[in-house]
Structure formats: structure tokens, C-alpha cells
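Two complexes come next, and they have one chain in common, subunit A, joined by subunit B in the first and subunit C in the second.
Right after this comes the complex of A and B.
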């Protein structure tokens, strides 16, 4: 059962250096053939300064840094019962290879809901604002975790 | 090249399909770092009642995003995208994302998205995106 008193809690920031190979890998995994992700010159022709990270790249630092499991454990959510309910991304500027992006997870919302069928669930929204090495906002991620009880 | 905002009309639509090949969840696990066994081990998938391996929700989200950025002509135009993960996607499924322009305000275009399996099941729900052209 999620600890609903954790609303407003902030976790230690995670920092992640963006690798060119990871950008290529993620683009291939989602089947995106856009050459800007594979080839720096193709990206420059399109007006970028290097190959940008694909929009859904933010899952990479989140998962590889083990930050999500840390947050889930601290919230006392049962890992086997948790579903990823919703995801939302907002983008402010491109993320490039070599950028060091930092994100601080915050518990934005935590509440119990009852489904139409009467099943109780805890709904926890985690927000992460990502900044780059210059302190500029690059993106925001909002994830809704649903714990079945 | 990004589309010109002058060429966009409310109600115009686009779509693209993606086949979830047998190894897709393994590729996505390696790329994303999400090695939850429900995405890579068919036995675990059966044990927890999912009928085998299911694809990562964020991989399907990636298909949807790509459909929008291909239509817009430049991924840098994407300002916001979201969805609810409604139903699991299985290996062998074909996922079709359809977008319809719902609003144009200044340079900002709002898009409603439908993401369905080959069986007509809505796998991502309440999906919307905004691009700036």
C-alpha cells in the first residue's frame, strides 16, 4: 500500500551523461529510421548542432540510474502490483550527446481511488524536471503509478 | 523539415503502423534499461496472467511519438505528448497510431491520437500531443 503521506517529497537528484550510442539504440528500438538520430551530419543539415535525443529518451536515465525503483521502494509500493498508468512529457529544448541532465523526482500527487468495479487503488504521480549542465530546463516528465490493492 | 503552420488545417489526419516483431521487447529492454521480466520472460508473463511477454508501454508510446514527429517533419517541434496505458501490447501485434488536428492556435497545433492494435483494441487511451510549427 502506497504511503500517501509522501506528497511533496523530493528525492536525491539523478545526473546522467547522454551518450551518442544510447540515442542510436533507443531510436532503433522504437523503429524510428530518422537519420538525425544515427548521423550527426544529417542532424546538422536539419538545423541541430548534433544528433538530438528522441523525445522518449527520458526513460533511459530513469531506468538505467535505478531511480524509479528507489522511489517505488520509499513509497512502500508493492513492485508486483504496480502498473504504469499514464505518462506525459513536456519539451523545452533539445538534449544532445555529452549533455549532463539532472532530474529531481517529486511526489506531486498521491491518493486512493476506487474503480467502477469497486477495486481500491493508490494513484501516485511522480514529476521530474530535467535540466542540463548549464542549468537550463530541457524537459519535464510526469508519471502516474497505479498500485492495485 | 518541419511543416509550415500555414499548411495545417483543423480536422486533417495522418496515421502509421508498426509491427511488434518477436525480439522488439528485448531490443527495447536493452536500450531503455527496463528489464522487468514481464517484458522478456514468457514464463513470467504467463504466470502473472498476461499470456506471455508484453511490450513496454513506453515503447508503444515511442511508436506514437514517432508517428507525430514524422508527420510534423521535425522531432524538435514536439512540445508535449501524453497518454494512458490502457491495454497490454503483445509480440506479433501491429500497432496503428492515427492523429487528427483538433486545434491550431498561433504556431501551436493540438493533436488527438488513437493508438489501436490490429484487433481494434485501444492500447493507449486519452492520447494527445502538441507541436509548435
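Right after this comes the complex of A and C.
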């Protein structure tokens, strides 16, 4: 059962260097043939400085940095019972190869809800604001985790 | 790939060009695990998935389906115009499912000096079951 008293808790910031190969790899794994993710020149022709990170790229630093398991453990959420309920991104500027992005996870919301069928669930929202190496905001990610009880 | 798009040319009720992908191969789940770093064996190891109650074995990463919706969006609206992208994970996607992403523009407004459109999006399988539903907001340029 999630520790609902953790609302407002902040976790250690995670930094992540965005590699060109990782952008290509994620686009390829999604099966997205858009050349802007594979070819810098194609991206420049469409008005980017370089190949931009695809819209769902921010899942990469979250998963590869092992930050999500740390947060889930600290919240005492049973990993086997957790579902990814919702994901939300706000974009402030493109993320490019070579950028070093830093995000600080915050527990934005934690509450118990009862479904229509009467089942109890804990709903925990983790919010991460990402900044780049110049200290500029690049994006905000919000993940809703649902723990079945 | 996405063509230039202007606020004046988009109207409420307009349809996003549909994207059809599939049938989903297990190999793609292995690729997505490596690319994203989500190595939960629920997505790659049939025996594990069965042991935790998935009688048919592995299921797709929800974020792969969100990525597919993202592909549908960014092949229509240039990604640089995207302001917000929100989804709810409604159902599990299994190997051999064919996913169709559709979308409809539900709002357009000028706000804070930006020309915003809101588009509802949904990903369904070949049986019409909803996998992911959500919306995006984009800020489009106006014609000079």
C-alpha cells in the first residue's frame, strides 16, 4: 500500500546526457520512420537545430537511471501491483543530441480512490521538471501510478 | 515528414490522418525494452508474464503504444509545435494486435499570443478495444 504521507517529497536529481544514437534507437524501436530522428540534415531542413528527441523520449532517462524503482520503493508501492495509469508531457523547447537534462522527481499527488466496482486503489502522481545544461526548462513529465490493493 | 501546417487551415472537427501499425511482433517489445530501459520481464518473457496472470504471455509496454500515438501526431503536426501530450492507458496490447491511431481536432483558440489547437487521440486494436486515449495541444504558426 502506498505511503500517502509522501506527498511533496522530492528525490535526488538525475542527470542524463542525450545521445544521438539513443534518439535513433528509440525512434527505431517505436517503428517511426520520420527521417528527422535519423538524419541531422533532414531535421535542419524542417527547422530544427539537430535531430530532436521524439515526444516520448523522457521515458528513457526515467527508466535507464533507475529512478522510478527508487521512487516506487520509497513510496512502499508493491511493484507487482502497480499499473501505469496516465502519462503527460509539457514541452517548452526541443531536446537535442548533446543536451544534458536534469530532472527532479516530486510526489505531486497521492490519494486513495475507490473504483466503480468498489476496488480500492492508491493513485500517485510523480512530476519531473527537466532543465538543460543552460538551466532552461525543457519539459515537464507527469506519471500517474495506480497501485491495486 | 510532417508538412508545414498553419492555424488558419485547421478547423474543429478535422481528422488527423490515421496511422495503422501491426501486427505487433514480440521482437519489437525486445527492441523497445532496450531502447527505453524498461526491462520489466512482463514485456519480454512469456513464462514470467504467465506467472503473473497474463494467460497469453507478454504484453506491450504502454509507453510503446504512447510512442505509436506520438508517431501519428508528429507525422501530421511538426513536432516543434507540440506543447502538450497526455494519455491514459486504457487496455493491454498483445502481440499480433494491429493498432490504429485516430484523432479529431476538438478546439482551436488564440491564447497568450499562441494559436492553439487541441486534438483528441485514440489507439484501438483490430477489435475496436481502446488501448490508449488522450489528447495533444499544439501551437501553430499563422500565415504571414
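Throughout what follows, the second predicted complex is superposed on the first by the 149 of 149 C-alpha atoms of A that agree within 3 Å, B and C clash if a C-alpha of one lies under 4 Å from a C-alpha of the other, contacts with A are read in each partner's own complex, and residues count from 1 in each chain.
Here is the rule we use: a contact is a pair of C-beta atoms (placed from the backbone, for glycine too) under 8 Å apart; a residue touches a chain by one contact, two chains touch by 3 or more.
Here the structure is a predicted model, which is why all the values come from computation and not from measurement.
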In the superposed model built on subunit A, check whether subunit B and subunit C fit or clash.
clash
After the superposition on A, what does A:88 contact: first (subunit B), second (subunit C), both or neither?
both
Touch check for A:119: first (subunit B), second (subunit C), both, or neither?
neither
Subunit B versus subunit C as contact partner of A:59, first or second or both or neither:
both
Under the stated touch criterion, which partner chain does A:46 make contact with: subunit B (first), subunit C (second), both, or neither?
both
Touch test for A:28: subunit B only (first), subunit C only (second), both, or neither?
both
Intersected contact list for subunit A, partners subunit B and subunit C 22, 25-26, 28-32, 34, 36, 46-48, 52, 54-56, 59-60, 63-64, 80, 83-91, 94
Listed in rising order, subunit C residues that touch subunit A in their complex are 1-2, 21, 28, 31-32, 34-38, 52, 62-64, 66-68, 70-71, 73-75, 78-80, 82-89
Note: in the complex, subunit A contacts subunit B through residues 22, 25-26, 28-32, 34, 36, 46-48, 52, 54-56, 59-60, 63-64, 80, 83-91, 94, 142
Parts of subunit B lying in touch with subunit A, wherever the complex brings them together:
1, 18, 24, 27-28, 30-34, 48, 57-59, 61-63, 65-66, 69-70, 74-76, 78-85, 126
Parts of subunit A lying in touch with subunit C, wherever the complex brings them together
22, 25-26, 28-36, 46-48, 52, 54-56, 59-60, 62-64, 80, 83-91, 94
